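Look at the two complexes coming up: chain A is in both, with chain B in one and chain C in the other.
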Partner chain A sequence: MFKLFPSCPACHSTHFIAFLKKDLYRCNRCGHLMRISARRRLGMLLDKGSFKPMAEPLVTTDPLVFPDYHDKLLEARKRTGLGDAIIAGTGRIAGMDLALAILDSHFIMASMGAYVGEAICQLIDLAIERRYPVVITICSGGARMQEGIISLMQMAKTAASIAQLQDHRLPYFAVLTDPTTGGVTASFAMLADVIIAEKGSLIGFAGPRVIAQTIGQDLPQGFQKAEFLLEHGMVDMVLDRHEIRAALENLLMLHKTRPYFHQRSPYERRS
Partner chain B sequence: MNEGREPIEQLGHLTHLLKGMLESESPEKKQAQQIIHSLNEELKGLTIHKRIQPYDQVKLSRHPKRPTGFELISSVFDHFTELHGDRCYSDDAAIVTGIARLGDIPVTVIAHQKGRNLEENLKCNFGMANPEGYRKAKRVMKQAERFGRPVISLIDTPGAYPGIGAEERGQALAIAENLYLMSRLQVPIIAVITGEGGSGGALGVGLADRLLMFENAIYSVISPEGCAAILWKDAKKADEAAVALKLTATDLLGMGIADQMIKEPTEGAHADPHQAARALQDALIETTLELLAIPLHRLLAERTTKYRKIGVM
Partner chain C sequence: MIRRVLIANRSEIALRIIRTCREMGIETVAVYSEADRDSLPVELADQAICIGPPAPKESYLYYQQILSAALSSACDAIHPGYGFLAENAIFAEACEAVKLTFIGPPAGIIRKMGDKTLARKIMKKANIPIVPGSDGPIANISVLNEEAERIGYPLLIKAAGGGGGRGMRVVMEEKELAGAYQQAVNEAQNAFADGRVYIERYLINPKHLEVQVLIDKQGNGVHLYERDCSIQRRHQKLIEESPSVCLQETERQSLCQTALAAMSTLGYSSVGTVEFLWDPLSREFYFMEVNTRIQVEHPVSEMITGIDLVRFQLEVANNKALPFAQKDLQKWGHAIECRINAEDHRQNFRPSPGKMTRFTVPGGPGVRVDTAAQCGSTIQPYYDSLIAKLICWGEDRPKAIVRMNRALYEFRIEGIPTSIPLCQWVLSQPEFLDGSYSTHFLDAHMNEVSHV
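Moving on to the complex of A and B:
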């Protein structure tokens, strides 16, 4: 829904949409980073006009014939204009090629079903074929409940794809944004070579409500926030939204391969 | 429990036939009436097992007397030697690991452990592992790879533990790293869902060449109670959620996620743990020998393809 004067979900101050856009949807009063669509984030990260989307993966859409899921999918597709909770393709940052995927929390909380899982795997196939580094900007409520066991298995297949990428010695950088939880955190999100967490994002395995319920007490202030994860050694850096593109540019530059990489190590196992 | 199914289906078929006969003219009509009469007489002395509902199976999979990991290990394997600790933080009693012999094959065993009483359950945290449990499993799997031992993983967990410490120490990372490792571990992996297969907590030691399931075991992305609470804001509708989630062994076999179902005694595995353990042992020996006969490169390629094609048209 379009609003000319949206308010900040954290401090409730009102903003003029044009200024908010210029500030990358960051509240200039409290610094809160609002959730944004995948397309908007794409525009913030890539060189203008460099994005080339991949073909949509062909997957089973409603494997369990789960109650109301079909309608829910159609509604989300119509509302967001996306095939599912992810856009993926190739693009450039400061002229450097990369394979990029961005998850979109406006599509069923960016939960991972067969579509998201297969899109990640195909992105990695493409990166291996072209020897591109991989960047994935992540948010997710976890595995998509309505796809049952099929969605759980996407964790296994995406993790296996990351392993293949590492076999080819191609770097993978993850940008974790609000919220990154459940099966996505416990698969491809945490397996990146460098993990950037966007300031203030909720990142974890179990959701805070489930944890509070299980242990029967309130959770400490700042628990599962990006800064908390940095403190506990789970991410490499916590950045504000406007710093992310420059950080990726820097990382891409530092990971340019040298001929040395193609030599075989004498310690490598042959089997 | 399944014995009830076939007669019920046959009965349905018969009723259908009879209806057809009744609609036609005599003498078939008279015959049909006779058959119905004699059927009614028979039915009086007959008790038919009700067709077991998915939520009943969920309850069976969590039955307090269901054989635990330790019990299955002691009756299925010989010379079990337990290995403790993740060499990093602590020893998690929710996941038991060790080396043992299956017939005459040395194997590495990983098993979830649920307790029999409160005291035991406090120790093993009701079978809900912390990151240390997954890291201990990772350690023994790496050893298994180095020494060429197949890995056998017996899964029975409500899920990975959702606690403050678990998050601080990287529950998500611990599971992700196991998926990474197991996707390319250079020995055969067999996973068996023996009771509850609770989401990421189960998959974290469950990526395998073959997935076996006990007849009344379940494997799901979310508990039916959790699913009902999210979807219908009512955890009491768990029975409906259990149907919708398609989480039984039969469902998973149908979807090609599980490879084999292990028969249980009629009343469930707890009714005759020895019979259940024997069935498990037979299935494990057969599957291990089958996998050991496959050349390594093919085994790994097939494992990759197996997972890659899940959900793809």
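Moving on to the complex of A and C:
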């Protein structure tokens, strides 16, 4: 629902929507980064008007005839205007081409089903074909349980796809945002060459409550927060939202396709 | 109809607004930070609401607090003063969104004029001369040579990505061009990680002239003549006067009319200022920017025209038409303003906040002092260092200068260093007395200034 004066979910302070937009949905009181739609994030990252969406990879179906899944899908599609929980395509940052995918938590918590997995694989195929670096902005509740084994299969499938990307010596940068959990963390999120995490985001496999109950112990302060993961070597940098575009720009500049990228990789020569 | 106004500012401008509101029978609500608890506006307003700790970000810039203070005290308008949120288009929109009248021009215009490059483009379209320059960043050396040829020397190379004098180079003649360009690009690249530069004509001894305009929502507008604000350092003005000695009557008419016409076509309403650079060699003026607020130096124009600008700012916000036209306005005499700042010009203009153990203001005919300070009050380190504005009026410029000297002599502040001696020194300089001073005046005399 559109609110003219939304409040911060962390500190409950009120914000005027236009100020919030200017601040990239960062609370100017407590610094909390609010969850934003994929389209909005697209506007924050890419050069204006440079985005070219990929064709829809498939239409999400309901293979298990899972209770309420069909209705849920229809509702989410209508509300977000997306085919499923991901936008993928090509675009430019500071004039540099890249293949980009952004997950949208407003679509069934950006869980990964056949659609999301296929979109990522097709994006990587496109990146290999055009020799573009890949950037994926991730948030997810994990694998989509309503699609059962098909959704779990996407973990292996996306991981294999990323291995291909590495064989072709193309860089892959991941931006992990709040929350990145479950099967997505356990597959393509943690496989990036450089992993950027947004300040304060929750990143993990199982949620903190589940872990606390399983091991019967109190969890350390800031457990599974981006800063905690940085300290423990799981991510490469923790950035505020307004710093991410510049960081990607630097990374892209550093890894700008150089002649040696066009050589065939050792892996390819063997096969 | 505005019946109660919240003043989203502090110090002398808050007091200035309260004074006019009281004369108009409008109730006032002051907001203050914890540091300003004992200030005069808090005492004199009908109501006062504390909005947070001293840091501006936590109080006078904390728009959520200001809006809720306005709503909870049942105000129907907000006067932003100058600085803080005064030229923030989004704040103006936020006021509209909660049905508070923002006392100033429409938000759309604040936005357009806040974008300095866009403002220049708009003014260029409206046939206002702007300093000749390249339309965008210079792509390479051959473009540079072409553009330089077209614009003419001397030239100024400026960084597109930042300010503060870095990446800036003055080029007096063609043979220096290539070298200076390379230096400017390198410097800009190092300072702002953005090597783009553009070029424009460099004015050797420019004057900073600005035209005060007042336009109502029905589209009737008047100008209140120009102000000469060339005594400045790093865009901080120190002394302003009106009218400017350098203009002849026809030039004055053309400058003021151009400014007024431009603002009218823009759809501007409320008070505003159009700033120009004036080149004494070619006697031409070039548009710089528009200030969409009441300015610090507005009393200078008030003194020579007898118009209360804040009053008409409120009237215009009330949708009232101006009761006078340009032909009814007459300028009479000459006015000078000296800004009395808590700054130590002997130590590179370092701010010198602190407690004033003596504060005696001048008086007598033709003297106006706008200040919220009193004996024993403290100049806060969190905000700008303005203590008081001393404005003197005289039938002509020499009389105004004599009166200003007399008033500066009477003005006694003890406890902290102030800019009073500096103002006295400037007033004694031949360049000031004959009116030939330019915006470079203070920088050119830095050595002497530090010993005044």
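Here, the second predicted complex is superposed on the first by the 255 of 271 C-alpha atoms of A that agree within 3 Å, B and C clash if a C-alpha of one lies under 4 Å from a C-alpha of the other, contacts with A are read in each partner's own complex, and residues count from 1 in each chain.
Rule of thumb we're sticking to: contacts are C-beta pairs under 8 Å (C-beta built on N, C-alpha and C of every residue); 3 or more make two chains touch, one makes a residue touch a chain.
Just so you know, these numbers come straight off a predicted model, no measurement behind them.
*Asks:* Looking at the superposed three-chain arrangement on chain A, would you call chain B and chain C a clash or a fit?
*Replies:* After superposition on chain A, chain B vs chain C: fit, no clash.
*Asks:* Please indicate which partner A:44 is in contact with in the superposed arrangement: first for chain B, second for chain C, both, or neither.
*Replies:* neither
*Asks:* Tell me the contact category for A:18 with respect to chain B and chain C: first, second, both or neither.
*Replies:* In the superposed model, A:18 contacts chain C only, not chain B.
*Asks:* In the superposed arrangement, which partner chain does A:4 touch: chain B (first), chain C (second), both, or neither?
*Replies:* In the superposition, A:4 touches chain C alone.
*Asks:* Does chain C touch more residues of chain A than chain B does, or is it the other way round?
*Replies:* Touched residues of chain A are more numerous for B.
*Asks:* What is the contact status of A:230 with respect to chain B (first) and chain C (second): first, second, both, or neither?
*Replies:* neither
*Asks:* After superposition on the shared chain, which partner residues are touched by A:157: those of chain B (first), chain C (second), both, or neither?
*Replies:* So A:157 only meets chain B here.
*Asks:* If you've got the overlay open, could you tell me the nearest Cα approach between chain B and chain C in whole angstrom?
*Replies:* 35
*Asks:* Shared contact residues on chain A, chain B side and chain C side combined as an intersection?
*Replies:* none
*Asks:* Give the list of chain B residues in touch with chain A in this complex.
*Replies:* 160-164, 166-173, 175-177, 179-180, 182-184, 186, 199-200, 203-204, 207, 219-222, 227, 230-231, 244-247, 252, 255, 257, 296, 304, 307-308, 310-313
*Asks:* Once bound in the complex, which stretches of chain A touch chain C?
*Replies:* Touching chain C from chain A are residues 4-5, 13-16, 18-19, 22, 29.
*Asks:* In the complex formed with chain B, which residues of chain A make contact?
*Replies:* Touch list, chain A to chain B: 57-60, 63-64, 66-67, 113-115, 117-118, 121, 143-145, 147-157, 159-164, 182-183, 185-191, 204-207, 210-211, 214-215, 219-220, 223-224, 232-234, 271.
*Asks:* Going by the contact rule set out above, which residues of chain C touch chain A in the complex?
*Replies:* It comes out as residues 63-64, 67-68, 90-91, 93-94, 97.
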